[in-house]
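The first chain written gets the first letter, and so on, giving A, B, C and D; residue counts start at 1 in each chain.
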Amino acid sequence: MKKRIISVLLSALLVLGTFAGCGNAATNSGESSTKSNTAAQTQTETKTETKTAAADDTIKIGVSIWSSTDVLGSQCKMIIDEAAKALGVQVQYVDQGHVSEKVTASVEQLCAAGCQGIIICNSSDTEMASAIKTCNDNGVYLAQFFRIISKDNSADIYQAAVDSEYYVGAVHENEPENGEKLVNILLEKGDRNIGLIGWEQGDATWLGRWEGYKAGVEKWNAAHPDDQAVLSEPQYAGTSSEGGSKAAEALMSANPDLDALIPAGGGGDPLQGAIAAVERAGKTQDIDIVSTDFLPDLGERLANGSMAGESGGHYCDPLFAFMAVYNAVKGNYKDFGGKFEDIKFPYLYVASPDDYVDYEKYFVNQLPYTAEELADMAKLDMEGLKAKAAALSIEDAAARSGK
Amino acid sequence: MKKTRETAGKKLSARTKGYLLLLLMVIVSWGIFKIITPDNFGSAKNMLSYFEASLLAAVGAVGFYFVMVMGMFDFSIGANIMLSAIVGCVFANRFGLGYLGLVVGAIITGALVGLLNGTLYVKLRIPSMIVTTGLALIYESVANYIAGGVEQTLPSGLRAFGQMPGNLILAVIAFAVAFLLLNYTKIGTYTYAIGSNEFVAKNMGISVNKYKVLAFIISGAFLGVMAVLTISYGSSMVAVTGMASMSRNFVPTMGCFFGLAFKKYGMPIPAIIIGEFVINIIFFGFIALGAPTAIQDVITGFALLIIVMLTTKVAKGEIVK
Amino acid sequence: MANTDKQVTKDSALKKQTIINMLRSALPIIGLVVVFIVFNTLTKGNMWTSRKLILNQVYVVLISTVGVFFIMTMGGLDFSQGSIMGMASIVVCMLSKVNIVLAIVGGVLAGAAIGAVNGFFYVNRKIKSFIVTICTMFLFRGFIKYMASNSPVAASMKVYDYDTLGIKLGITLAVLAVSFLVFRFTKFGIHLKAIGAGEKATKFAGVRTDRVKFLIYVLAGAITGLAAFVNIVKNGSATANVGNQLETQILIALVLGGMPISGGAKVRFENIIVGSLLYIVLNNGLIMMGLTTQAMQLIQGVIFLIFVALFADRQSLSVIK
Amino acid sequence: MSEIRLQVKNVSKSFGITKALQDVSFDIAKGEIHALIGENGSGKSTLTNSLTGIYQKDSGQFILDGVEVNPRNQVEANNEGISIIVQELGTLDGLTVAENIFLGHENKFVKCGIKNTGAMNRKATELLKEYGFERIKASDMIEHYNFEDRKLVEIVKATYFNPKIVVIDETTTALSGEGREELYKQMKRIREAGNTVIFISHDLPEVLRLSDTITVLRDGVYIDTVKSSDVDEDGLKKLMVGREVSGEYYRADYGERVSDEVVMRVKNVTVPGLISNVSFDLHRGEILGFGGLSESGMHEIGKACFGASFDREGTVELQDGTQINDIPTAIAHSIAYTSKDRDNESLVMNQSIRDNICLPSLKTLANKLHLLRDGKLKKFAQQFAATMSTKMESVDQFASNLSGGNKQKVVLARWIGKDSDILLLDSPTRGIDVKVKQDIYQLMDKMRKEGKSIVMISEELMELIGMCDRIIIMKDGEINGEIMRDKDMDENTLIAKMV
């Protein structure tokens, strides 16, 4: 009995001790991080004064990503690691699986781990409110990739981002546009019965693409009242291939004259599964598939017609967020207060085997940027960076490696 | 002795009753959707594809049943499937062992995982639920190291087990083996004996621990087969981390609940197979209706709860944990 | 004969065991301190200096662990915690647009309601608690996905005003203090332990065991519902997988804290605090070490198993399932 | 003296503090039915369980036909030619009748790993036919048969391979007339085959009728072995109890008037399948005994009066008119109950003695704010553990570490602490050594004098006769007679009503 009370007290003490600690930490925010992080120090003491440049090797940049181990995730990791190597900075990954509480926690974990900059792929805008707060408190620069805070849907958070001294900006694709493009590829091919396969309910990217698909179909229907196209209710496949397979089969059996499938994404596996299902059903020729995840054997698939088109290459997206944050930490980019850097990232579209040959050459077999190019990229100013991002295309990559 | 004659009489039909019950479930679930959406649901061809889809989980469930009957649990199912599938794929692809590599690799891996689960559980004397939770973490990361963050894709040449008749053959073999083990070997007898009363079983000279480990190995091997079917069906497998593999646990577990519920009818394995089938009928039915996937989960979960409820009779004063 | 067998071993080793037990009850705390010190040295004090950030992650887990702690004390299990958190979060978000107080109440009620569902099937229908809660987990996850299909359920911006240390810490400490008082200094605690240690005898000692069991599930739901508020205050919206795998985190946390899975007399309130802290410290520590995801998870799994192997209380379990 | 089959040599076995067997030695001959008798806790079952490998003896030897045997489990025992039919259920759910019969002996049906179920079922069916149990189907799940038939299956399981020794441990009490005759037939058959039956029973007439030789144990000590032809029941009784029934042991007084004040009135209580239409009154300061065979339903009476039995019909009413329908009400109105199944129903095994004693009294121990203080609980527990002179290290010790007697003391301490006025004691001295028994008897006497009322349910006629003001005999779930306290009452009058 006695030892029990003692142990209770012990642990209670421990908690209170730490709580007390953070109690005073709360009073002057960031005090905690300053010790660990010279770069942020000057910042936190006098918020407005721009920070002194930090030596590269002391720079540590955190990456909060849904998963650094799945297909898309590991590609992102690949290119970021490449850049980090080129610039000689440390990178720290945290997988948060797009679970809100884990997303916000990941920011805290990365700040705690002493990162001076963080790039994040969040799952819902609202998480950014807490993320930005944490970063402000700890004087850590923050940029989004694959995501952007919606200006109209969550205006206040957008404002918070704008006002923040530390929120750098967002690199993002124009998902609706992307969706629309893909749908159009199908419509052009004469498909009218389109099955839709999503991966995660409510995922921001997915919602964006879905919007695009719908818009595309609506426009078409408006334009061709006599020749209507229908888009199915989305089936959700999760991120597993058999999920994709099952969803595809379900759609096919539910709608016998289905002639197109859009496995919207989810890291490539659902697409794989969907294709497998279509092959099983022997409908390879009847059903066109478009998607936003690239396949290892896309070339042959485009040739044999099991794939109608692809948009992708977006695994380079985090690279630009990374560069932006890196420069912010270096002190090259300044005065983010009242600014919102919006870096648009173009999708690469592959609709024919020849397109794919190049894509494979410059985006699969090698990274689109060499170490030197990455180093140079780091020297660009914000506008330059934006331009660079916007410029990225198969041709661009080809040209560069050509020279 | 009139009483016993009655009970004996009642029981004679027990097995048949079980089958009738299952058949009823199939017909009802089929009927409902057939009525609502006659045109795009429930044709013989559809039913077959529903059944195919249900095979995967059924195979895993049948194996997992051995563990469940003994009253133990396993949270590493998902991780096991993932790991086995990836290893199998690596054997088939990288080492170019083809089908042999795929099947053997997966099954061996599965069995090894089972062995590890079982041994740690028996040796450390920690509840299986806990051990397997911890091990699931480890399996996931191991799988990831093997896969190297790249999805393991099965070339279309090696996907015979993803479609008729390959998947059916493999599944049927698996079911047959399970049936054999359960009804025609000591293992089956002892599995039930241990599940029923460990102490009496001990006194009968059954080395309880040995058979517990064995159950885990069997379960693991079957999950290996499930892995083969899964990757052949979906054609690729990615090594997720952060307990994401847990999401694969539910469906086979559901099948097992069916099995346990119908144990008293003396026909668990058919119950598992048909149970998974019914679940799939409902699933596809809802898609035919165009209902959002989420609602399907709700219905499935609910249906399962009801079925378990109806098949467990409330014994007064019984202690349930 | 089970008991008598145990008795023999017990009595002979009684002396030794009392010491071991004393040690065991202290071990988690020692473990926590050690791990904490280790990481601090490894990260050159980084961990201590950023304790605020680390603690910011502990609240939700800490609060919701309390409920599960009660459930496990009486030998039950609850895997629906994640879904409870999810549903409650959604309710909180919706109501927060009306009025914050209402939101808090709503969240708590929503949690309690789901708890009641669990309790009903578990207590009245005598279905094993883990079967019930696995089903409800799936069921309500479906609801959550449905609610969040077209966009995350966003809360009003007002909630962010409550994202202050005072409130989060306040709620957490309040929950801890109250539950500690109740568990440690009222008959409630003794009843729970007794149910865990021997339900039948407890019933015969005049405890309305069924009522208690039901109420505990409701309570656990309610507590998690409260945690949902803290969660939303921080995240501002509920996405499709809000609260995903909370149950696993809780389980791991409690086990790390030295909680005997079978509940009973050997549980200690500090299991909650120590466990949750240990869990969070471990996570952050490993991240600070700059390890890759796979490596982190591998280490986590191993440490988890080691801790379990050390703490697991094997005496009070006649049969380990 | 025919030749020796089994020699028991200096066998000892103890469970923790209690010495269940102390240096027991005796011989058992071939081709005889050898009865083993003694009061509960005298070590009969412990001995046979050690012989058949269910327990491991601490020391001593069993020598079977001149060879020492030391089986580690029943299967090994079977291979030695020893089998047992246990008191409680020995068949396993989830298995078929055949599987149960051959559990542990599958190998003779296994060819290259495959078990030939067909052959097994055929063999089992043959056996069942042979025994005349055709109605039991070998391929059926055992759950589908009732206790009676499952016992018959056990008989087959234990005897089909005609073992040298068959132990039959208190099986008869569980069986109806028909089943019992069946068993007797088998026993005789075994004897004819020149093998030996070790027969444990409380039913002395049965013992005298069937057995050739009788060995008496008392409190784990060997007393004597006699030819059943040379003794009568009284003789056996004396050997079993070991002393003339004396004042110090049971209560001394006779002819005391019991007050007419009724504290509990039980009206037409029926529990389906167990007891039917039982009615009686319990008076202030009375010790009311219930006797009968263990399956007579008497054990349910305690539960019924305590509000613990399920779908009970009829009423249990207290003086003040309160109806007792659930346990909490019962306890609230100061009714106490100690179960025959002490380890499961009376004590929370893996819980401290402290909590076990305090459990029902927590309400009164709590202060105005419903808060409890450890110190207070501890003091409370220690106080009443002391009044019962419980042997223990501290009240923080787990109940599971105590000997049977001390467990019972803790249970009683709990109810004394609650200061209950009506005590329902089911087999209060079951498996308890003489010393503790005496304490308990004296305690009961003391309580009686304090005007508390006691219902004592027991299978031990001697203690009923010794302690009760009134004894009600149960038979087949119904009251079959009532006997008032009387100096020269002997158990024959009771037994007459019991069987």
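The criterion applied here is as follows: a contact is a pair of C-beta atoms (placed from the backbone, for glycine too) under 8 Å apart; a residue touches a chain by one contact, two chains touch by 3 or more.
Keep in mind it's a predicted model, so treat the numbers as computed, not measured.
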item	value
Distance-maximising chain from subunit A - centres being C-alpha averages	D
Selected interface, A-B versus A-C, where C-beta contact pairs are more numerous	A-C
Centre-to-centre distance between subunit C and subunit A (centres being mean Cα positions), rounded to whole Å	32
Centre distance in Å when subunit A and subunit B are each reduced to the mean of their C-alpha atoms	36
Subunit B and subunit C: spacing of chain centres that average the CA atoms, whole Å	29
Rounded Å distance between subunit A and subunit D, as computed from the means of their C-alpha atoms	72
Multi-partner residues of subunit C (each touching 2 or more other chains)	1, 145-146, 149, 200, 245, 293-294
Multi-partner residues of subunit B (at least 2 other chains)	144, 203, 241-242, 292-294, 317
Residue numbers of subunit D (touch at least two other chains)	54
Residue ranges of subunit D touching subunit C (in the complex, touch as defined)	15-17, 49, 54-55, 306, 308, 327-328, 330-332, 337, 339, 343-352, 355-356, 358-360, 362-363, 366, 370-373, 393, 397-398, 400-401, 414
Residues of subunit B touching subunit D in the complex	1, 3-5, 7-8, 10-11, 14, 69, 180, 183-186, 188-189, 192-193, 195-197, 200-206, 263-264, 266, 316-317
Subunit B to subunit C touching residues, read off their complex	70-73, 120-121, 124-131, 133-138, 140-142, 144-145, 198-199, 203, 241-243, 246, 250, 253, 257, 292-302, 304-305, 308-309, 312, 314-315, 317-321
Residues of subunit D that touch subunit B when the two form their complex	53-54, 72-76, 90, 92-95, 99, 103-104, 106-107, 110, 113-117, 135-137, 140-141, 143-146, 148-149, 178, 310-311
Residues of subunit C defined as touching subunit A within the complex	22, 25-26, 29, 32-33, 45-57, 60, 145-146, 148-152, 154-155, 157, 160, 163, 165, 169, 173, 180, 184, 231, 234-245, 268-270, 273-274, 277, 283-284, 287-288, 290, 292-294
